[in-house]
Amino acid sequence: MRKILEDALESCRKYAEEGRVANYIPELAKSDPAEFGIAVISDACHLECVGDYDKPFTMQSVVKPMILLMALIDKGADRVRSLVGVEATGKPFDAFNYSDQALKREHINPMINTGAIALCTLINGDTYEEKFARLLDLTRKMAGDEALSVDEDVYLSEKMTGNKNRALAYMLKAYGMIEDDAESVLDVYFRACSIKINCIGLAKIAYILANRGKDSRTGEQVIPPEYARYVNAIMTTSGMYDGSGEFALNVGVPAKSGVGGGIMAVVPNRMGIGIYSPALDKKGNSLPGIKALEILSEKLEMSIF
Amino acid sequence: MRKILEDALESCRKYAEEGRVANYIPELAKSDPAEFGIAVISDACHLECVGDYDKPFTMQSVVKPMILLMALIDKGADRVRSLVGVEATGKPFDAFNYSDQALKREHINPMINTGAIALCTLINGDTYEEKFARLLDLTRKMAGDEALSVDEDVYLSEKMTGNKNRALAYMLKAYGMIEDDAESVLDVYFRACSIKINCIGLAKIAYILANRGKDSRTGEQVIPPEYARYVNAIMTTSGMYDGSGEFALNVGVPAKSGVGGGIMAVVPNRMGIGIYSPALDKKGNSLPGIKALEILSEKLEMSIF
Amino acid sequence: MRKILEDALESCRKYAEEGRVANYIPELAKSDPAEFGIAVISDACHLECVGDYDKPFTMQSVVKPMILLMALIDKGADRVRSLVGVEATGKPFDAFNYSDQALKREHINPMINTGAIALCTLINGDTYEEKFARLLDLTRKMAGDEALSVDEDVYLSEKMTGNKNRALAYMLKAYGMIEDDAESVLDVYFRACSIKINCIGLAKIAYILANRGKDSRTGEQVIPPEYARYVNAIMTTSGMYDGSGEFALNVGVPAKSGVGGGIMAVVPNRMGIGIYSPALDKKGNSLPGIKALEILSEKLEMSIF
Amino acid sequence: MRKILEDALESCRKYAEEGRVANYIPELAKSDPAEFGIAVISDACHLECVGDYDKPFTMQSVVKPMILLMALIDKGADRVRSLVGVEATGKPFDAFNYSDQALKREHINPMINTGAIALCTLINGDTYEEKFARLLDLTRKMAGDEALSVDEDVYLSEKMTGNKNRALAYMLKAYGMIEDDAESVLDVYFRACSIKINCIGLAKIAYILANRGKDSRTGEQVIPPEYARYVNAIMTTSGMYDGSGEFALNVGVPAKSGVGGGIMAVVPNRMGIGIYSPALDKKGNSLPGIKALEILSEKLEMSIF
């Protein structure tokens, strides 16, 4: 396994040159495109890491499965489904999926910004501070890292420049899909996107999802199996932005990427994978990360199809 | 003329039953659908009024031509055109005219919300209070009524519930089309929509536009003739929401309507007309108002086509 | 007048270099971009011509007002309106104006391809040969030229390569908006687009429309005045493709252009204008033609706004 | 297994009342909504059947994976990918996935009509008869039924009324995505949709896909494993029309449905399933079929997520 990871890392380093670090948030533009790390937890809870596996980065959209999980745990699948749909949208993650003068739940899903923002309102908590605290706790628990915290600079940068997300939140409000103060909801979302994690943390979350919610290290059922399936299914159809179809063909496992450079990949029953490299392709996915996963998928016969 | 107006008023009263008072802003929902007034200023500066011609109502979208005029006066046609396009959009006035992941000036025009909000930023003034004061002054001057003021209840109601407009403003900001604080820009827009006017005021503004910017009562050139034409042209193609084509066929003059129930109609070289009736058709135009204009157009041979 | 026309012609010749001859139909690509002619019939039926005013070209979309007129004459305004809407679409002339899984009459108008193709079915005639013969007769009569005929090469070229129009026709059929054989309907449309005319012919048609259907030379009411207004109104809002708003601002009269290089402009009560120059701008309008009309509009105070 | 199938069949019969037989093709409207059958081939090539498992029905969209397979076999994945994309579209199967005035390969995929029609041109064969013969042969071979043939009535009915597909084909032609005669291409597509099959046939095809192209009965590698994965992946993201996300959550296996009432479901490494019931939900999927698959998925732990 170690050899396979090292080979994948080395042979995919070159793609960093083709990719570009996210620049829509000033803070993200400071990332070093050469950074590249992989962590894999496989069958017997064995962890293998290579490269910059312990380098922290912000979760960005990789936090979307966590928001979905938290909403499922706190309000159940029916309530989640009545607010946010589950179909692939065929559009970019930040598009106004809006037709015929109305925004409907069928137009959105938990893996696009509009859906994730809406789901923040379903997390339990009297205040939005409490809601975020719950989300952070779940993420810490699944990542096995109580020290996970928000990158304040990225958070403030997102909050300052996140006007597209602000527009999406006010549209949700205009159509009665959220009732709370839009800025408070966005604050949870911006904080969530700014949680710092590393490859090991992502691999641990993924490994729990791969085992249908069970933490194999402790035997604890951290989340109900049906919610793990919910998340795995929707990551498969929509997790890699509008490159999800391509990823299903070439890698073939549930996964979620973020513009911070992280990818979390779930190999059902077998593995949890965390990858980090901030050199993104045009769709917003880590380019070296995807290339490495293609190699791993072939070598380790990961595809579920 | 008086007889023609009275006949039009009486024969169109019945349409109030088919129309519906705007309900998207709570304050507007309080309007009385039976109110109906017409004011016409014709060839020799002669004013004729019938019905509830002196009943005040809020301008709502009828203020859009004023915002456009103010922006033209303060920054000139080139700057206005570089920010906001001039083509009909084929969509409702509050639609996200947005394609292929970008908002462009070609997607908007001064008669839809996005365009009007953007144009508020072009009004001169160090603060947004000053910008609004300039707009109010111009409106007062053209309407010949120094007492025009904002309906505070409607303004607060718009500000409280205007989340769709907020979404549009943040989208403008996200695409770099406005730089200032979105809430400040919206404040000018919400105040402008809430200016109270009556049929006589609208007729006076329209009469100045009909005479290419000249106030025939005083001989003063209030606005440059080319800006009057600019406004008249764009009201013809886009002034009556997505009923503009229908209105061009059936009435055939530049006009602008608002969900407050007002319609301002310009008969070039000849007449300025102000109508008020808050019973709206499905497109947001005053239904008795449009029907009355159809009759007036036929009786007075108003069509420019 | 002659001096004004000559000056306009000379000063706008240069724009031929910026424009491009239509190339979507192979035959049209053979046009000479340097050709440029203007014909104006003004107040006392006086004809003034300059440049290549007698050079024949195919009508292309300039025939759309004729198809609309023929349908209005044969079936009346109600039937025409129940099939084809009247609002500007905000989209290119050959777009699939189609939303939410249905094509509706509100999505189309007589100045876009879909609408014009649908209207061909409303022309009287037992066969499609008869329908086309009626259309050609009306065009000949209004253009004052009994020799008008189809350019067979262009017609065959359109028929051979017109797959976009074929797609639009089958979509009309799929939604029950046309019942007849799609190829027969398209044949009328392709023939109509291929009628050869010159600037004088267009000016004569325009002069009749300017006089609300009356042929001032003979005193005959060729078409009912309300149909002339119908056509003038819709040419104003949608006649110059998605450059109609721009044209309303800069020229300010009803007009229709075609990718063959022709523009027909109607100055109500005053003038009929025919222009030809096949160097098109990006929207499909003759660039030297539009520039010449801007000059004429200013010099002759043509704008109706 | 038999008991599970019988229970599923009985408990889902009631949904036939909520569904509706397809009526867009006159011939399909004649189907009996009460018909319902299931065939499952499981681990040891064991076939279990209940209900109307041997009742023939037309494949309709279930043939799309076959067209894709044939194109992959004949031209390879690179050529297939250069013509037709792989992303979910977020729109109905027969939508004009068309934006900004162009149809591009990124807008389509092999599971929607436009994509499937385009892929018909990639099948080897000098004539379109030969192309169809190859497709039919492959389908017969995989279904293990040399007697599979076209339902001539349905074929003629599709050909006669398939104007939406005709529009899609001419649009492909207009954008240079197909070069051949549109009617010939459509003829292959209409014939393919009209192939009669039964539940057992679908289960056999599915079982080969579940075993990555290997026919476990004979040991023969019927299709290359990478093409089986290609088809399984794209069925997962887009196989159940715009209900694919829902199906991934509730059933969790690659599947393809058709408006004839058939569903083919692939349980990787384990099972091939064929279901038939012509009572469709609003998205065009067999309603009793989907409900039965939900039960089977739970009872047999089929989900790959």
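All chains are identified by letter, namely A, B, C and D, in their written order; residue positions are counted from 1 within each chain.
One rule holds in what follows: a contact is a pair of C-beta atoms (placed from the backbone, for glycine too) under 8 Å apart; a residue touches a chain by one contact, two chains touch by 3 or more.
Not measured: the values here are computed from a predicted model.
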C-alpha-based rotation, chain A on chain D, 0 to 180 degrees, nearest 5: 180
Higher-contact pair (C-beta pairs counted), A-B versus B-C: B-C
Far-end chain from chain D, centres as C-alpha averages: B
Interface composition of copies chain C and chain D: same or different, split at half: same
Computed distance of Cα centres, chain C from chain B, in Å: 32
Rounded Å distance between chain A and chain B, as computed from the means of their C-alpha atoms: 46
Per-residue overlap in chain B, given as positions that touch at least 2 other chains: none
Touch list for chain C against partner chain B, complex: 85-91, 97, 109, 228-230, 232-234, 236-238, 242-246, 248-249, 252, 254, 268, 303-305
Residues on chain B engaged by chain A in the complex (per definition of touch): 92, 94-96, 98, 101, 163-164, 166-171, 173-174, 182
